[in-house]
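Handing you a structure now.
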Amino acid sequence: MSQRIYEDVSVEGHLIDSLIMSHIMDDIVELGGEFETLSFEVGRTNDDPSRAVLRIIGPDQATLDRLMTAAQERGAVPLNASDAQWKPAPADGVFPEGFYSTTNMETWVRLSGSWARIPGAEMDLGIRVDPDARTAELVAINDVRAGDLLLVGHKGLRVIPVERPREKGAFEFMNSAVSSEKPKAQIVNEVAKLLRKTKADGRSAIAVVGPAVVHTGAAPHLARLFEMGYLTVLFGGNAVATHDCESALYGTSLGVRLDDGTIVPGGHEHHLRAINRIRAAGGFEKAVETGVLTEGLMYTLVKTGAPYVLAGSIRDDGPMPGVITDVLQAQAAMREYCRDAGACLMFSTMLHSIATGNMLPASTTTVCVDINPAVVTKLVDRGSFQTVGVVTDVGLFLESLADELAR
Amino acid sequence: MSQRIYEDVSVEGHLIDSLIMSHIMDDIVELGGEFETLSFEVGRTNDDPSRAVLRIIGPDQATLDRLMTAAQERGAVPLNASDAQWKPAPADGVFPEGFYSTTNMETWVRLSGSWARIPGAEMDLGIRVDPDARTAELVAINDVRAGDLLLVGHKGLRVIPVERPREKGAFEFMNSAVSSEKPKAQIVNEVAKLLRKTKADGRSAIAVVGPAVVHTGAAPHLARLFEMGYLTVLFGGNAVATHDCESALYGTSLGVRLDDGTIVPGGHEHHLRAINRIRAAGGFEKAVETGVLTEGLMYTLVKTGAPYVLAGSIRDDGPMPGVITDVLQAQAAMREYCRDAGACLMFSTMLHSIATGNMLPASTTTVCVDINPAVVTKLVDRGSFQTVGVVTDVGLFLESLADELAR
Amino acid sequence: MSQRIYEDVSVEGHLIDSLIMSHIMDDIVELGGEFETLSFEVGRTNDDPSRAVLRIIGPDQATLDRLMTAAQERGAVPLNASDAQWKPAPADGVFPEGFYSTTNMETWVRLSGSWARIPGAEMDLGIRVDPDARTAELVAINDVRAGDLLLVGHKGLRVIPVERPREKGAFEFMNSAVSSEKPKAQIVNEVAKLLRKTKADGRSAIAVVGPAVVHTGAAPHLARLFEMGYLTVLFGGNAVATHDCESALYGTSLGVRLDDGTIVPGGHEHHLRAINRIRAAGGFEKAVETGVLTEGLMYTLVKTGAPYVLAGSIRDDGPMPGVITDVLQAQAAMREYCRDAGACLMFSTMLHSIATGNMLPASTTTVCVDINPAVVTKLVDRGSFQTVGVVTDVGLFLESLADELAR
Amino acid sequence: MSQRIYEDVSVEGHLIDSLIMSHIMDDIVELGGEFETLSFEVGRTNDDPSRAVLRIIGPDQATLDRLMTAAQERGAVPLNASDAQWKPAPADGVFPEGFYSTTNMETWVRLSGSWARIPGAEMDLGIRVDPDARTAELVAINDVRAGDLLLVGHKGLRVIPVERPREKGAFEFMNSAVSSEKPKAQIVNEVAKLLRKTKADGRSAIAVVGPAVVHTGAAPHLARLFEMGYLTVLFGGNAVATHDCESALYGTSLGVRLDDGTIVPGGHEHHLRAINRIRAAGGFEKAVETGVLTEGLMYTLVKTGAPYVLAGSIRDDGPMPGVITDVLQAQAAMREYCRDAGACLMFSTMLHSIATGNMLPASTTTVCVDINPAVVTKLVDRGSFQTVGVVTDVGLFLESLADELAR
């Protein structure tokens, strides 16, 4: 590397045991850069934070820019802070070339010498600035308008990484998939503790659910969690609402009797008949009001007034009234609830869980429960230290959780 | 069963080895009915069809109606044929109570004494009749309008079940999931034979693809199949188009370099930058025209003029221009191609594959390839004798298939 | 097929709904033969058996022999019954060429004109005859001695297939893998009913268990089933005994604390220390006697006197005293219990479950519970109508089952 | 923590990016200890090693012992080196209480003031010392004899951890499971490179194979790798040898024709007939000699003289002659080859792969290929940085690998 340009950064925190330093070093080497450790003050005890100053070295400016962007996403801050830079969007729905793409972590922008915190945190968005007001906000690519000023490059940005929880006895399973071969009782207790705390803090708790929750007979247990106020918002699709109403109206889910598990010949028609009944009644609220729907998860949501977002998908029959068939509108509806969520529990749906995970801040504790280890791994791999995966039977898990919280 | 009412039906075909009789008997017993075999002429050799007359007995009219509906879906025909019955739709988007819900098999309706074949075949729809014109057609619940006349009950209907292929040496794996522990070379040959025949017949062949086709490096092999004309229509989502363009513009898919499998730090931004570039260019066609997009699957589709449907989902970033964000509109676009498809190949996408499977006639030969046995099992379980599942590595499979067809 | 030789067979039973006829027809066509249905008397109602006479036709004697063997395994009986044929074993541990390989179904042999039932039923063995005593018995290839008379060909044999249970409300899930998406409460009830009946009949119930039963914290629930007498024999390996003793001595399983699910650094040594302690004590019985082992599954087996077979495998550490390290000796020990088992429950072990499944008669009701659908499918595919697979969390399932039976 | 006792250790290497420091810190906190960083000299560039001195603090001696053992397994060395300590084995097959349980890493013992390297490296064994000769060796619990001197505690031990490879472009996938969604071509190349290097170094390469290698039709490709000398030892069980001979003698594997994938009715008997033929011939070598066996994997092993270990298991039929039915004897046979292996490739067998993984030194590069992600994850989780998992179709992978190496 004959030619060498560099920039110096500082980084602070539990650099070693939160893996911050090793991640930064890995990224630099992987991206074709080098580093020198200018100083490294290691915390004396396991409670003290550490502080390092690194010189990040690249062969050219483009590489150095990439190195700096990567390091900043890990929490590094340039020693010579400069203001953020921006460019106008060239057209509606188009970011300027070189736009800054967000992480799901708390982010600050330096505008005219002072740091402004951007409200919310969501990955894969742009940052729109108002230089006069010295403010910045997140914006989705589809919502940007020609002339909007969007951040470009990596200058004037500070990202606050979520640190791994250090106290023993907190959620011990953070950022890992709990194997099907681990004891489950303790995990049920930890999730119960999380929901109790979220409720006590007055924060919302989102349940993201797939139709298997109904198929496995777990919907009544989920409903109890809403009745007790431990869950406050439901995200799902047409299928979970449909099979829930099918079970309320016909006693089956996908044609399988929930009381004895037998297949009802012709029962495959029940879901379409359930959709038709709710459409005829004029929607879930009306169906509850007029006595068409007298039990089940959707009934409980209507009765408790808990908000829900049902997002459409191309495999839907019907759909049920209230299902948002435009996916961008559905995302917008979900985004509202994601911004302030205190906790998020995901059950048996890869599609809705990934969609929700895309919108949640890294700081929201998220628990993904599925019997399929591939789904759990996929969600945990995308997540932060706040994400926990549990491989187990969703039906039996929800029953245990509701029982624990009902005590 | 003190009170007994009954109806007599006849059924014809390879009743024993196509399992038609055993399915009818199972359904009757399961639904709480009984039967008497009034006659059973068994084909003397394995080529001769059999013919049976059954008396189907139920405790009450409602049960008997269910018994008859179930038997008719297996191909039974009432001895005393009567005309179909209908009722008007009570409101827009609502079927009349008791509506007939379709199967994915060829269906005939008896109107004023004569039998009319319904064009197309798709499950979970209604049948709208024009009694004056003596015609009938399929209609989705969302498309029905108040006053439309919809078939109700099971009278005046004849369903033609798809029989299991009997000749040895045809597709031997029909209606089963081919385990990962089976030899794959022969399956590649069979699928190649299917595509050759479909092309020779001048029929369309749909490819339903998920982003893993790009991640595994198989997109160039899929593109070759379009270039050679063995595949003619593509169904996918925002992700497959996005990662394909990401690979064309940045050499990565989801941030992983396709040439050496290494992760590019910061590469997780590439997909959003790829979306932005195509949006800036004004869409795939314009991007090819202006030289922004010079290779890949989407490039090949544009160059060959092969039609495609990209259906939106709530986990989409962007989306790419051309993605249909309303799921009902996306279904309508897909339905057009499903009606006449000669073959359908599904690769690595449960969402789009189930959606497509919902719309295909039972007579369309369908091959589902995925490395996850759960996905393959789910799709095959929903299918007819024409559905084949293959558990294997999609990347290696597509390469073998394209090589075989290029010979 | 110019040259045609044939043999006529009769077959009786619920030929259609038990799929006997369709299986026979499939086999004949698959093996390159043909058939003519000489007569087919179909049972008038669903309770009446049917009776058919088939002419099985082959192009040559070798093919016809294969056709006849296949048909007889489905229950067909030649109209012209002839005596069984045999040859001497050419050497110790070697069957004569053309030996008859057994199924797991009840089998009768015709010796000097009279039919003798062979005691027991196990697949993949030979049949050793004593022509003078007119008796026959099963013999494993390893146990055969030079000069022993072994059955060859298919003549003089009658196999009694296990029919599918017809009554509604019995075990509804026979011969199928219960998906993870089905309600589990009813299955727990059915298994409880099976164990109650087996106990009431005074028959043995085998539990085949892998170490995940201990890892998931389910061992105490399994122990309760032994204490209550619903399970009477345990099959396992070194691992389940080792981790059970590890949990009794150190509170961990594979180094994971069972009370709170946390990993104990250095805990990976616990299993070897547990083995050492039990070896030092002189075995499980002595360890219980001397107060070294005071709780757990092995403790319960010793206390209740329930027999167990621990079969060694190449991945064993230690092993524990009492583990049978020679696999043929271990098979012999297991075989003793398999012959008369009234029920068999398999939990979280593919190796031991397949081994046990190989030895069980087709008439023993077998339930396989695993969270991995691949394991369940593999076991159910090998089984008869008496095999049920359940995809669920073994820990939560065993807890529910023990609670249900404790009521 | 009122009472505090401590010991000081030094640790050297790429402490941060090889995660050595974070692992040590995690272990200390997890085990209820504390630490102080007395000094930490961080390597200036990414090539320079770092060096730290830590004070490890525990509440009591027992805890401190556990803390020290854990730290030493990560490579920490006590500042005040002392000699190793030992006790006599109390009985045959029993270690003294408090015995040191080995890791799979290079280990040194301090005897009378000087350090001796222990030959080999295998986990879960004891260390037997000869104080007079100042030597030490590994010993399995089953091989220990009363009075043998065994190391106890953690004093006088130094473990050399395997560091994560740092150079870019080496095996990039180390210590991780390669998802089914990654491109496979590069991985095939890396494995080919590994085998070329191992061969060039004159070292052995073990193939551990399950029967699916035969079922998928991949056995001929595996045989080519033995013919070319890239694989030199085979570990397997009775099943792989049986189905290989079944395919050579009958063209089927588990009754499925390998040329067209169809099931041969009655073909389930083929494997037992194949076993009988090889037993009749007097073993594999005799079967090749007398022309009974003329192709296949076992044939190739005999012809090339490559050694093999076939280890028995309780699910074996037969078994084939040469299968070692005592599992401790089979382990001993495998152990011989593990000690010096340059590389190890594992295909489609969890049982044999885990057994082999238990015996391999951490420094042996190991590649595990399976279509089941659960198997791959399980093996990689047990492994060191030298273990790579690949989720793909074994049949297609072996074909690509053999083609690449044949070029």
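For clarity, chains are labelled A, B, C and D in written order, and residue numbers in each chain start from 1.
Just so it is clear, a residue touches a chain if its C-beta (ideal position, glycine included) is under 8 Å from a C-beta of that chain, and two chains touch if they have at least 3 such contacts.
Note that the coordinates shown come from a computational prediction; the quantities given were computed from them, not determined experimentally.
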Centroid comparison with chain A (C-alpha atoms), farthest chain: C
Centre-to-centre distance between chain C and chain B (centres being mean Cα positions), rounded to whole Å: 38
Separation of mean Cα positions, chain C and chain A [Å, integer]: 46
Length of the line joining the C-alpha centres of chain A and chain B, rounded to whole Å: 33
In chain C, residues with contacts to at least two other chains: 26, 30, 262, 372, 374
Topology of the chain contact graph, where touching chains are joined (line, ring, star, complete, other): complete
Footprint of chain B on chain C - complex, ascending: 16-19, 21-22, 25-26, 28-30, 34-37, 40, 42-46, 52, 166, 168, 373-374, 377
Residues of chain C that touch chain A when the two form their complex: 172-173, 178, 180-187, 212, 215-217, 256, 258-262, 348, 371-372, 391-393, 395-397, 400
Interfacial residue positions of chain D with respect to chain C in the complex: 26-27, 30-31, 66, 69-70, 73, 90-91, 93-95, 97, 99, 101, 124, 141-142, 262-266, 269, 272-273, 275-276, 279-280, 311-319, 325-328, 330-331, 334, 351-352, 354-355, 358, 372, 374
